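Two complexes come next, and they have one chain in common, chain A, joined by chain B in the first and chain C in the second.
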Partner chain A sequence: MATRIQFENNCEIGVFSKLTNAYCLVAIGGSENFYSAFESELSDVIPVVKTSIGGTRIIGRLCVGNKNGLLLPHTTTDQELQHLRNCLPDQVVVQRIDERLSALGNCIACNDHVALTHPDLDKATEELIADVLGVEVFRQTIAGNILVGSYCAFTNRGGLVHPHTSIEDLDELSTLLQVPLVAGTVNRGSEVIAAGMTVNDWTAFCGSDTTATELSVIESVFKLREGQPAAIVDDMRKSLIDSYV
Partner chain B sequence: MLPGSAAPAAGSGMFVPTQTVGTVLCCICGVSMQPNPANMCARCLRARVDITEGVPRHAAVVYCPDCASYLQPPRSWLRAGPESPELMQILLRRLNRPLARLRISLSGAEFVFSEPHSKRLRLKLRLRREVLHGVVIEQTHPVEFTVHDRLCDACARAQSNPDQWVAVVQLRQHVPHRRTFLYLEQLFLKHGQASLALRVASAPGGLDFFFSSRSHAARLVDFLTTVAPIRTQTAKQLVSHNTKSSVYNYKHTFSVEICPICREDLIALSPQVSRDLGGLGPLVLCIKVTNAIALLDPLTLRVHHLEEKKYRAYNFKAALTSKQLVEYIVLDIEHESPEITVDGSRYQLAYAQVARASDFGKNDTMFTVRTHLGHLLNPGDLALGYDLYGANLNDDDMDTAMMRHSLPEVILVKKSYEKRPRTRRWKLKRLPVEEDGANKAKGEEEKRADEYEEFLRDLERNSEMRFQIDLYKDEDYRSEMASTIGDDVPSVPIEELIDDLSLGDDDEDEGEDANAHAGMVA
Partner chain C sequence: MRLEKCWFCSSTVYPGHGIQFVRNDAKVFRFCRSKCHKNFKMKRNPRKVKWTKAYRCLHGKDMTQDSTFEFERKRNRPERYDRNVTEQTLKAIPLITKIRHERQKKHITNRQKQGKTKERERDAKELEQDIQMLPKKDAILSTQKTKVVVKVSQQQTEENLMEE
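Up next is the complex of A and B:
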């Protein structure tokens, strides 16, 4: 189910929040509406944690994580690190890494199995990613942009990439990630996908500028409709059809 | 794709996989399309975004109905025809500022038809502007211009006072005849110098040209300095002045005086002048007047060109002018030296025995003189010359010259031909000159007609003078003189004549066409 929300009148949701299958991080500040939107959807399933990273609110672009772990930049303060370690479940490994490219959210995009990284990332960082997040790491570019973390968003079920991605690239990425991919936009034609939305296996949150068309594309590629109507029909069919005479 | 590398150049030997662009859905209407910077399909873009917001739809231009020109603020008036490129330029310049302020660029403009009397000009502009994330949209936009009528400054001034002149050129020459002015008139016609004059009036001793601007008058004066030896004085009179803007309106007067020495004048030089000019004999003949005077010593065949400024230093007058030419009959010619060319004209020194036409047959008075016309004269010819033997002159220099040198009794000037009223196959155009009615004397008209006839005869004789002016073919010429064109009376060859432009009726045109056609075939 995809929801349209705003953070302090700004439609770039993916900048101020980070959503994974095991937890959700939300930025501090602004009105409680933002926080309550996440709470209402997720609070009974996964923890929703309010935090800041390095004193800033742009947490979605600074950190990267999946159900196995969370990677933080070197600008994170010790208190924030401790706070996160406390709030998140124990199986999530919280690690602060020393990397020149400190906006990890812009440089790395991952789901629970595969990660795409900035081509100039350190070798050590790459190994850490493979270790902490438990993923296979590929250095890639998307539509000629090296900031893969910004221009694509993918989960275990599907992915959305920059609209100018060519068909050959789409095929290649799709093979790498083993999920269906589609090129599209978010927030009324914005190409910065990951900044405009945040998504996990069963929910997505988009900026309020997102048009109905974009929302339907997102729901279909990330399979958020859960195929409920189809399931209902199947069940009903079993009860409806008694026997063939 | 290699990490961190740009796409390799085609033809560099590397394999570059083909990149087909995928399709995305338009974020508004959901139609599948090629991705563009706005990621909206063209229709949604055009529907949502109006780039002509803020572009003016109405504007005004000012038009002068008299001279069909449009005002370009603040002050210049440009002539432009209806729906012409100049008009488009004027109209677009009025829209430049608002378009530039909105960062809209113009990619095309065309006129939309509107009735000429509707006082509206319509343009259809194609505007181009960048919107949203670098998408450039093109859109058409109609603009309507309202035409306001207003007389431009020049037309207003002309209408309020059509005779008002700002500058006058007063052309004078203090000689009793008007040959110079007839010749100058033809020169003005050929070079179109009098076209800017408001009017031309004749005054005693010369002509007056009235102009509406000082620069036009100055242009005429500049032309005159190249064709005649003149001396100019300028004066101006204040008409009005605007104290606030310090603009002063004047009436300018150019007094132009032409040197009084004319062609065929006989001049006696004082000993000092004669020495200054290199020993030029005391008697000289003026043979050509351009912006310098050409003086010929008939006995030594030396020509000296005297500039206006030098002339003013000496300021001699003609002793005898062409009015005082006397007819002689040539009795005998003895060539003294071969024919030579001096300054473009041919002369030959010869001894001639002549007698005055009035004496011929009555008495035996004969003169043997040296003349420079040896190449023209044959025994039995008539010639015109100055009679120094019988002349009674009031000239100090001539007296001095007579005392110090022995002067010839006759100086022959030109050959004379039988005077017959002949029709000419050519004609001249005249300037429209306003006659000064008040100053006319009784015999003036006849004198003028005689002078004109003499001028035309002069033209026939002198090919150099003909070269300077335009002669037109006379359509009414009838060659009844065909039988008598055997004698050597000089006439103008037909190659020098110009066909006059006649916007006449059909039969005239047909006749001309037929002639022309025949000429081409032959």
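Up next is the complex of A and C:
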């Protein structure tokens, strides 16, 4: 089920955290509230790790990972790399890659089976992604935006994309990823989905600005709500999305 | 903190030293001092500048390939922390640097040994060809190496003296 939280009075949760099915990375903040929110939900199931990447707190947008591995940019220091390797379970492969586009979280969106990448990504990086994360890689754009990692968030059960994605694009992506997709917003109309929320197969965290309608859309598309009849979801879709561009 | 290599001369850049330049294609160039930075701005190729490591390795002046260099490679896939491994590594590091320095010195002495033999050959040839260049006295001296002792009977010499 979805929780609403803030990082130091900022609603962009997806920037300061990274949530997967095997681990959770959290930025080092001024107060412990952010970390406690994740810890209370997740700590008995998966490790919640406080970290920085290259000395910065924007870890959600710099790294990308799933239950098989974690990819880090070349700006990651050796000490941070070692810290992550020590804290994460052994099945998770931690790898630092040399890539011109160093904000991997903005360029790559992935779940445990499929990854969407920035069309300008290096061939070598694409192979590394396929190898470390164990996924099939597709070069795609979302609603004309090349930063696929920021404008969509998807898991093994569902996905949320940029609100201005056309129906054809939505269907195409849905068949590629093999998950149901919905075009929606987060944090009171913010189009940058992945920056506003983090999600895995059983929980989601959104910014505190997220409206109840947005939250219910999220809960339904990612199947976080147990045993809700589908009819309600369809009704909601009509009320939420007024036009397809 | 990481000890980087200067892009131009390949010496280590310690924290608090040098300049880092990031080009528009996101390639980072690190320089140890303004000398290297200014040479870079002049668009000089380090492979052609005599005092850089790049030149020396390219022209075989310094040791290039050795197993001791493999220890200092940058690794992108870390291993879980193990206290024993760390202890062994810390003990091994000064040994490895010592061995590397020895091998580098050996490489240079081997390189210069060939010069010594060539010098001896050249000197022998010069002695053979240009012996006339030396003044007569020295030339004779050079040919007369051993002293030959000639025995003269004492009576004869006394007679000579008496005559004179």
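Quick note on the criterion: the second predicted complex is superposed on the first by the 227 of 245 C-alpha atoms of A that agree within 3 Å, B and C clash if a C-alpha of one lies under 4 Å from a C-alpha of the other, contacts with A are read in each partner's own complex, and residues count from 1 in each chain.
Following the convention adopted for this analysis, a residue touches a chain if its C-beta (ideal position, glycine included) is under 8 Å from a C-beta of that chain, and two chains touch if they have at least 3 such contacts.
Being a predicted model, the structure only gives us computed values, none of them experimental.
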Chain B and chain C placed together on chain A: clash or fit? fit
Would you sort A:166 into first (chain B), second (chain C), both or neither based on which partner it touches? first
Look at A:184 in the shared chain and tell me whether it touches chain B only, chain C only, both, or neither; answer first, second, both or neither. first
Per residue count on chain A, the busier partner among chain B and chain C is B
Inquiry  = Let me test your reading of the model: by the given contact rule, A:8 touches which partner, first (chain B), second (chain C), both or neither?
reply    = neither
A:90 contacts which: chain B (first), chain C (second), both, neither? second
Query = Taking the superposition as given, does A:214 touch the first partner, chain B, the second, chain C, both, or neither?
reply = first
- Once the structures are superposed on A, label A:146 by its partner contacts, choosing first (chain B), second (chain C), both or neither. first
Min C-alpha distance, chain B to chain C, superposed, in Å, is 18
In chain A, both chain B and chain C touch residues none
The answer for chain A against chain C in the complex is residues 77-78, 81-82, 85-86, 90, 93-98, 100, 102
The answer for chain A against chain B in the complex is residues 119-120, 139-141, 144, 146, 163-170, 183-185, 188-191, 211-214, 216-217
Per the touch rule, the chain C residues reaching chain A in their complex are 1-2, 25-26, 76-81
Chain B residues touching chain A in their complex are 1, 3-4, 7, 17-30, 35, 38-40, 132-133
